[in-house]
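Just dropping this structure here.
In order of appearance the chains are A, B, C, D, E, F, G and H, and numbering begins at 1 in each one.
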Amino acid sequence: MANQTIKKLLQDVKDGKVSVSEAETMITKEAYTDLGYAKVDHHRKMRQGVSEVIYGAGKTPEQILGIAQSLVEAGNKTVLITRMSKEAMALVSTKYKVTYDEISKVGIIGSIPKADGNGTIVVACAGTSDLYVANEAALTAESMGNEVIRLYDVGVAGIHRLFAHMEQLQQAQVVIAIAGMEGALASVIGGLVDCPVIAVPTSVGYGANFGGLSALLSMLNSCASGVSVVNIDNGFGAGYLASMINHQTIKEKKLS
Amino acid sequence: MANQTIKKLLQDVKDGKVSVSEAETMITKEAYTDLGYAKVDHHRKMRQGVSEVIYGAGKTPEQILGIAQSLVEAGNKTVLITRMSKEAMALVSTKYKVTYDEISKVGIIGSIPKADGNGTIVVACAGTSDLYVANEAALTAESMGNEVIRLYDVGVAGIHRLFAHMEQLQQAQVVIAIAGMEGALASVIGGLVDCPVIAVPTSVGYGANFGGLSALLSMLNSCASGVSVVNIDNGFGAGYLASMINHQTIKEKKLS
Amino acid sequence: MANQTIKKLLQDVKDGKVSVSEAETMITKEAYTDLGYAKVDHHRKMRQGVSEVIYGAGKTPEQILGIAQSLVEAGNKTVLITRMSKEAMALVSTKYKVTYDEISKVGIIGSIPKADGNGTIVVACAGTSDLYVANEAALTAESMGNEVIRLYDVGVAGIHRLFAHMEQLQQAQVVIAIAGMEGALASVIGGLVDCPVIAVPTSVGYGANFGGLSALLSMLNSCASGVSVVNIDNGFGAGYLASMINHQTIKEKKLS
Amino acid sequence: MANQTIKKLLQDVKDGKVSVSEAETMITKEAYTDLGYAKVDHHRKMRQGVSEVIYGAGKTPEQILGIAQSLVEAGNKTVLITRMSKEAMALVSTKYKVTYDEISKVGIIGSIPKADGNGTIVVACAGTSDLYVANEAALTAESMGNEVIRLYDVGVAGIHRLFAHMEQLQQAQVVIAIAGMEGALASVIGGLVDCPVIAVPTSVGYGANFGGLSALLSMLNSCASGVSVVNIDNGFGAGYLASMINHQTIKEKKLS
Amino acid sequence: MANQTIKKLLQDVKDGKVSVSEAETMITKEAYTDLGYAKVDHHRKMRQGVSEVIYGAGKTPEQILGIAQSLVEAGNKTVLITRMSKEAMALVSTKYKVTYDEISKVGIIGSIPKADGNGTIVVACAGTSDLYVANEAALTAESMGNEVIRLYDVGVAGIHRLFAHMEQLQQAQVVIAIAGMEGALASVIGGLVDCPVIAVPTSVGYGANFGGLSALLSMLNSCASGVSVVNIDNGFGAGYLASMINHQTIKEKKLS
Amino acid sequence: MANQTIKKLLQDVKDGKVSVSEAETMITKEAYTDLGYAKVDHHRKMRQGVSEVIYGAGKTPEQILGIAQSLVEAGNKTVLITRMSKEAMALVSTKYKVTYDEISKVGIIGSIPKADGNGTIVVACAGTSDLYVANEAALTAESMGNEVIRLYDVGVAGIHRLFAHMEQLQQAQVVIAIAGMEGALASVIGGLVDCPVIAVPTSVGYGANFGGLSALLSMLNSCASGVSVVNIDNGFGAGYLASMINHQTIKEKKLS
Amino acid sequence: MANQTIKKLLQDVKDGKVSVSEAETMITKEAYTDLGYAKVDHHRKMRQGVSEVIYGAGKTPEQILGIAQSLVEAGNKTVLITRMSKEAMALVSTKYKVTYDEISKVGIIGSIPKADGNGTIVVACAGTSDLYVANEAALTAESMGNEVIRLYDVGVAGIHRLFAHMEQLQQAQVVIAIAGMEGALASVIGGLVDCPVIAVPTSVGYGANFGGLSALLSMLNSCASGVSVVNIDNGFGAGYLASMINHQTIKEKKLS
Amino acid sequence: MANQTIKKLLQDVKDGKVSVSEAETMITKEAYTDLGYAKVDHHRKMRQGVSEVIYGAGKTPEQILGIAQSLVEAGNKTVLITRMSKEAMALVSTKYKVTYDEISKVGIIGSIPKADGNGTIVVACAGTSDLYVANEAALTAESMGNEVIRLYDVGVAGIHRLFAHMEQLQQAQVVIAIAGMEGALASVIGGLVDCPVIAVPTSVGYGANFGGLSALLSMLNSCASGVSVVNIDNGFGAGYLASMINHQTIKEKKLS
């Protein structure tokens, strides 16, 4: 495995996706740092093009700070932390400058990189109550170098609000469709555009929404093609995948 | 209770909803006929305005014929039988003329009454695979005296097919929205019309549709108002309720 | 779509359902106001006969006030807010007079319109613990111009309490049947009346009620005809649909 | 444990519940016969007052016959076999006279004992489709010496059919309430009688009945007291328990 | 229905189950008192032999007190309140003397009647964590005139603790078997005794117990006969039903 | 909406994605053909870049043939039919030459287009039993002009079989990861590559796989980033989406 | 990874677990054979001590034969095939001598090795209907060199049948406890023995057993310690794991 | 049963597993102490080799202290308490010295015994958030005399972190694999080692992890052999079973 990873890294250097100094750090640095409670993965950027992201839920503020330090010291210019409590935010801020969004609980250490994707990512959500997920998706994408257009509160109960933005939808490189309740937004958008639609069910609703199950099943069973689904409330996963698609280059020519 | 039922019957006679001879039969006839395996309810029309309907599933052909005979003998001009197997159809046909739809397995003994509702009922379904439910709903409504407009295969993956029928939708007295998979059709229609929408989830689909659960949850969680739901694949229930709404008169004036 | 909506509005003006000044506001006003976190739908009354209602759950007090202001400024005389926290109530009250029901958390800005439906709506609930839903249904219906009769604590464990109100049930234009636990009330009422029954399962109960699932499944599988179901605890949806049915006019004559 | 069982047997002999020759067989006979594929329990009558019953599902005709032989040879005058296929019926009939009910697939080897319970057991079922369970319950109870009254097709959609039998219900020592779909029958009966109600959910229905889950949850959440539940379609279990209750004597006096 | 109820009451007076003064109160008193938020059922004792019990969950302290007053004023000497919060306890205590068990949250107004059942009721529970349900069952039974034997912490992980009480189990008129986790206790007891076993699943456990579902399904699928099940954590229902069985008299002789 | 669609079509003509004659057909052709049982969507290619695909399940052979004819007549050179029974295959073959794969039940009318995507699509499946889904994905992608590499039976129980293909995985433009049972393959691949991974859970397995639920939940909860999920057994959806991603061009430059 | 595997193999040769000729075959043979539809894993014995086993479900007879050939040619003396249809059995028998058990559908090519484990494995099942799983477990263990004691039909409804075999249970090195319905057998055995208990839930039962879910949850929530669970009906998995435990040697001394 | 237990105890004395004085205490001590709320099982060590462990959840601090005292007084040198709240910790500490781990809430009274197992137990967990379970497993095993190696944060998203510990994995006597989310770790490890793998699903994750259901189903459906599963979050159960396997001796020689 190691050989493959090195080969890929060198190719990335040649293609300008990784700078020489970054590559140097990656090669001289251990594959991971063992903090006892965590093994911070320093090869993730080599393998996957994006550094490890800190999922804050279930970690103590001290653990979050520890992992963040390890990533910063390994040379990462932007460190993304999702589901970060205010307590963790307070502690990490004692050491680093953090941009923090209270609605989505996303924190970003360091600078937001310039948008360098192939096109724009549209983040559309059905209602005001879905903003905690929509912001997570949008901020994740922006922290990875994407231009994001936000279309909020465009649920199908008033479908003309969605149609008013048809041009932005059709120009998008990827659309992230976020909805709770019956999650119909993903299917409707899926039927209108020719780019990938990443559907994010949310736990918004009550009763027979069963914590997001209704929107999840709805999106998995979408009658529109080109739609795939991530976990309930997983704005991060959608933003990450959208960025990956938006940054795709043609590999054939690069590797052969 | 009996007194209330009689009072209501007399009012119906006065209002012309029940003829004198029908009322005579109802009053002189027992409240139900006990066939051992079934107690045929002869007061249902008095109480609810529609005679007992035979749900064919789980009944033998002989039982279906027996109940049908009891209903015909009690003076019913139209007897509706749902979920009727071909075997049952064959047996009942030896005795009565039956109109039978192979797709929905609906059988009707006797004549279809003239449409006498307040307006039209639109039966819209998302895909070709939903016809077995759509036909059950449409035939049920027609057998109870309603004008029905069928809009088939208007699912949201190609939403222009639905919009092409906007006028019919907006003119409807009731809309029955039938869909499997993600069931988004109900929410989209619900956001466009100002009449009741009866949503019928179907078991069409596979995998995570879990036998219709996806469409069911989707419809129960509709973000559009004015939408209510019946059981999975329950075309009959939707047609029955639609007929009830389409035949509503103003009670206040009648009963006070 | 736009053309259809205009045509319908003009018809409504001709029929007296919308006043000339209201229509003027509607036509000159944008289709929706974009508040960033919400796109307030000003065409909903045109399309559906009732203005947008604010679903308070998952919205901040500031967002609720913002949307309410937008609706009031668009000319709405009554603004209904459901699932409104006391905090939101306090903030909105600084600007508007709000009628607030603590049990159901329903708030109403402005005046309750005169009842102008075809008949009465009966709101029946099985137990004292169901009042939070029953009140939501009743207040929703009243805020939309309906006369409501409340029959509370008439569950089937003491069925004579229900039968004592048989006349009111049989005179109703619509019945809303609300129950948790086993939800049998909907089926029993469904077998007694000849008008639509809107069943609302509640999350009342414990253990194998699974947050309202028992009553939901019970109601979806009702052996009585004429029963349809809305989401668990969705008193609003039931009240809205009941109002819609109670205000039905004969469209055929109006639009053709 | 063995001592306890012997003590109980001797008490039963003294009370006349077990004859001297039966007791002799029980004591001299092994506690169970090992057939390899089954260990036939000969002490069950001593412990529980009723011999082992053969649950036919999942057993080959040969296994059923083998176990039946073992029970007959151990001195049992009546052997009850439930869920017995026609193939098993054919094989067992080559050796023993079997009374067989095709609807419930219950087979009985030997004679039906005289009814010697404290009172009557009412077996009530909601619809014609529930007969396969109702017959299993009734035949089980009869094979154990009970007088059974059958009330079939008394579901709540036509509740007057149930009320017509109020006297039989109130006179019952136990009521078995059998229903599929929403299972409301159990709650309604539970609210009317002062004896134990054993509720049996059936898998009758479709869609959101989820194989009997709707009726099961409904019955478990019954708002009426005095209702307990057995497994879906478990007519045997209900008949057995009803017989046990109907044969109760006052133990205090017997054992002290 | 009313006639049946009266007839039954008179029979109960003749049999000494209801005193003359109680009967007088019942006949002269209305069938129920309407408190607006509740319709207190005064005929329940006539119909079912036990007065209405107050289920405290979901009711305000004021509502609980109001219903309690209504019951006391109707002549009830013992009023049982289950799931009663400390707040409700405090309020009701300002007016009545209440015996309150903190573990089960059961409150009893008035005196505990003398045990007058046919025998003893054994309340067995699997672990210390199940006491909140076991106490509810035991107190319910005692408040209805039963002698109760408590066997606590006799789960199958140390099955000798159960066998040490074999004599008490075999002498019981009814056994209530309470267990969370895998709920095996019900089946094991069911295989040892010849009296009805009422199984109560509890929500004790974690993970894949899914709030009591594991014990519930386990008990519903018991391989032992004579076992029936009530709702998860429903100690009250088990105690009530056990009392009903323990007080059974032979009806045949009484009513014919 | 129509205007947007036309604008997009013209842009596609300019970009060479649609030929002049194809565009002519599209514009002069109706938006859909109404066959009664189906409304064949002729604008799908304009909107989404790919023509309508026939989902064969739940459609009669006659309906499938009818829709196929409508698509062929509208100028489509390749018509893809999924879940096509042998009966349907036989009927359609009387009229058209069909390439048919018995394992996946995929049929293709017309010629397979030359691969013109950006790179290769890897279709990896965990076991031999997953081939029915893997083939559906691979054939769908090939029918839409993609080069596909098949890696079959590379499940994690023998992980060296997967690592042996690391180079192909890392060179892929998109990976489709197909697995039943515990579905771990998706996460393992997701952690190794830097391109989008489309996970397809299959219903392969038994017992607690619950028809594919285990793999579905596993994939939705993948700890690896860049993974999204389609419906259980939905090889078609995965192949379609993979093709979409593999054909992405940079829109920004095209449309602005 | 490869290095580790080789090191382990050499150690196994030194310890006599693998013969020199077997090791030679393993090293010179490819790590897997690629049959297109399958990649037969030849290193599994090196890694895990047991060769690859063929899971027959979902594979065609031809595929099964092909994989079997590949395994035989790689030098395996015993090839185990589970869930093997009669059709597959017939085909494989044309080439190899197969021992086949019709109840469990287990087929074994080659000879059963001599039992060489540390002790005995007890396979206990609750009822006759569980034999299809019990046999799969027993035959799997025997085909891997274990002495197996079968205790069939020892369910808790007649618990003395289990206690009669207490000595065999307490002497066992491992116990496999197999049960459907409520699965109580695992907990009861778990409380009696001091060796690992592998619990296998079966799908035996009906209604609320939900295809084995009841026994599965029961076993996962066992109050007894030392119990772990495999998939529903997974007799193979239990037999395999039991063999692994029964063949454990002390590694410390071997590898250090 | 008693005889068997004594016989086993004497054998254990002979084998040196139990000291003479311990055996004396066991024999002279009652089989259990009845504390009213608990029956402390003093024969568990005789039967199962390990004393009763206190499951702290659902018990009051007083009850925990009471049971602990009973165990200490019965001669236990180490008392393990799991799921122990800080309140309980505080109370028990007033009487005994307790080692307490805040993350897993495990408390140990008395000394940790010397490791005397056959080899090492590896406790591997997928992420930092799983530590509360991993610590419970590790501390349980250590408190029962095992050497434990902790491999934390080795989830499959960065699989090189796991492979870096291949030697420790292959040398283990037992591996405990702990993971939430998709639980793939268990299958990957299961495919790499030749010793038993005990899989522990955790409730770590969100959305469609449904409280640990995703990892649970994943692990139950593992395609790797030799894997068995305990309840969600049941670190204790895994540690206990691992210790049991790690302490296995060859019974055959001992007992025959």
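Keep in mind that, in the parts below, contacts are C-beta pairs under 8 Å (C-beta built on N, C-alpha and C of every residue); 3 or more make two chains touch, one makes a residue touch a chain.
Here the structure is a predicted model, which is why all the values come from computation and not from measurement.
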{"item": "Chain labels contacting chain D and also chain E", "value": "C, G"}
{"item": "Centroid-based (C-alpha) most distant chain relative to chain B", "value": "H"}
{"item": "Superposing rotation of chain B relative to chain G, computed on C-alpha atoms, to nearest 5°", "value": "180"}
{"item": "Distance between chain centroids, defined by C-alpha means - chain E, chain G (Å)", "value": "48"}
{"item": "Whole-Å gap between the CA centroids of chain A and chain H", "value": "38"}
{"item": "Mean-CA-position distance for chain F and chain E (Å)", "value": "60"}
{"item": "Distance between the centres, which are taken as Cα means, of chain H and chain G, whole angstrom", "value": "25"}
{"item": "In chain E, residues with contacts to at least two other chains", "value": "1, 127, 157-158, 163, 191-192, 207-210, 213, 216, 220-221, 225, 231-232"}
{"item": "Touch relationships between chains, expressed as pairs", "value": "A-B, A-C, A-F, A-H, B-C, B-D, B-F, C-D, C-E, D-E, D-G, E-G, E-H, F-G, F-H, G-H"}
{"item": "Residues of chain A touching chain F in the complex", "value": "1, 4, 8, 47-50, 53, 118-120, 163, 166-167, 170-173, 191-196, 198, 216, 220-221, 225-232, 236-238, 240-241, 244-245, 248, 250-252, 255-256"}
{"item": "Complex interface listing, chain G residues touching chain D", "value": "127-129, 131, 152-154, 157-158, 160-161, 163-164, 204, 206-210"}
{"item": "Of chain H, residues touching chain F in the complex", "value": "126-127, 155-159, 180-184, 186-188, 190-192, 205, 207-210, 213-215, 217-225"}
{"item": "In the complex with chain E, residue positions of chain H that touch it", "value": "1-2, 31-32, 36-39, 41, 43-44, 52, 55, 57-59, 63, 67, 201, 203, 211-213, 216, 231-234"}
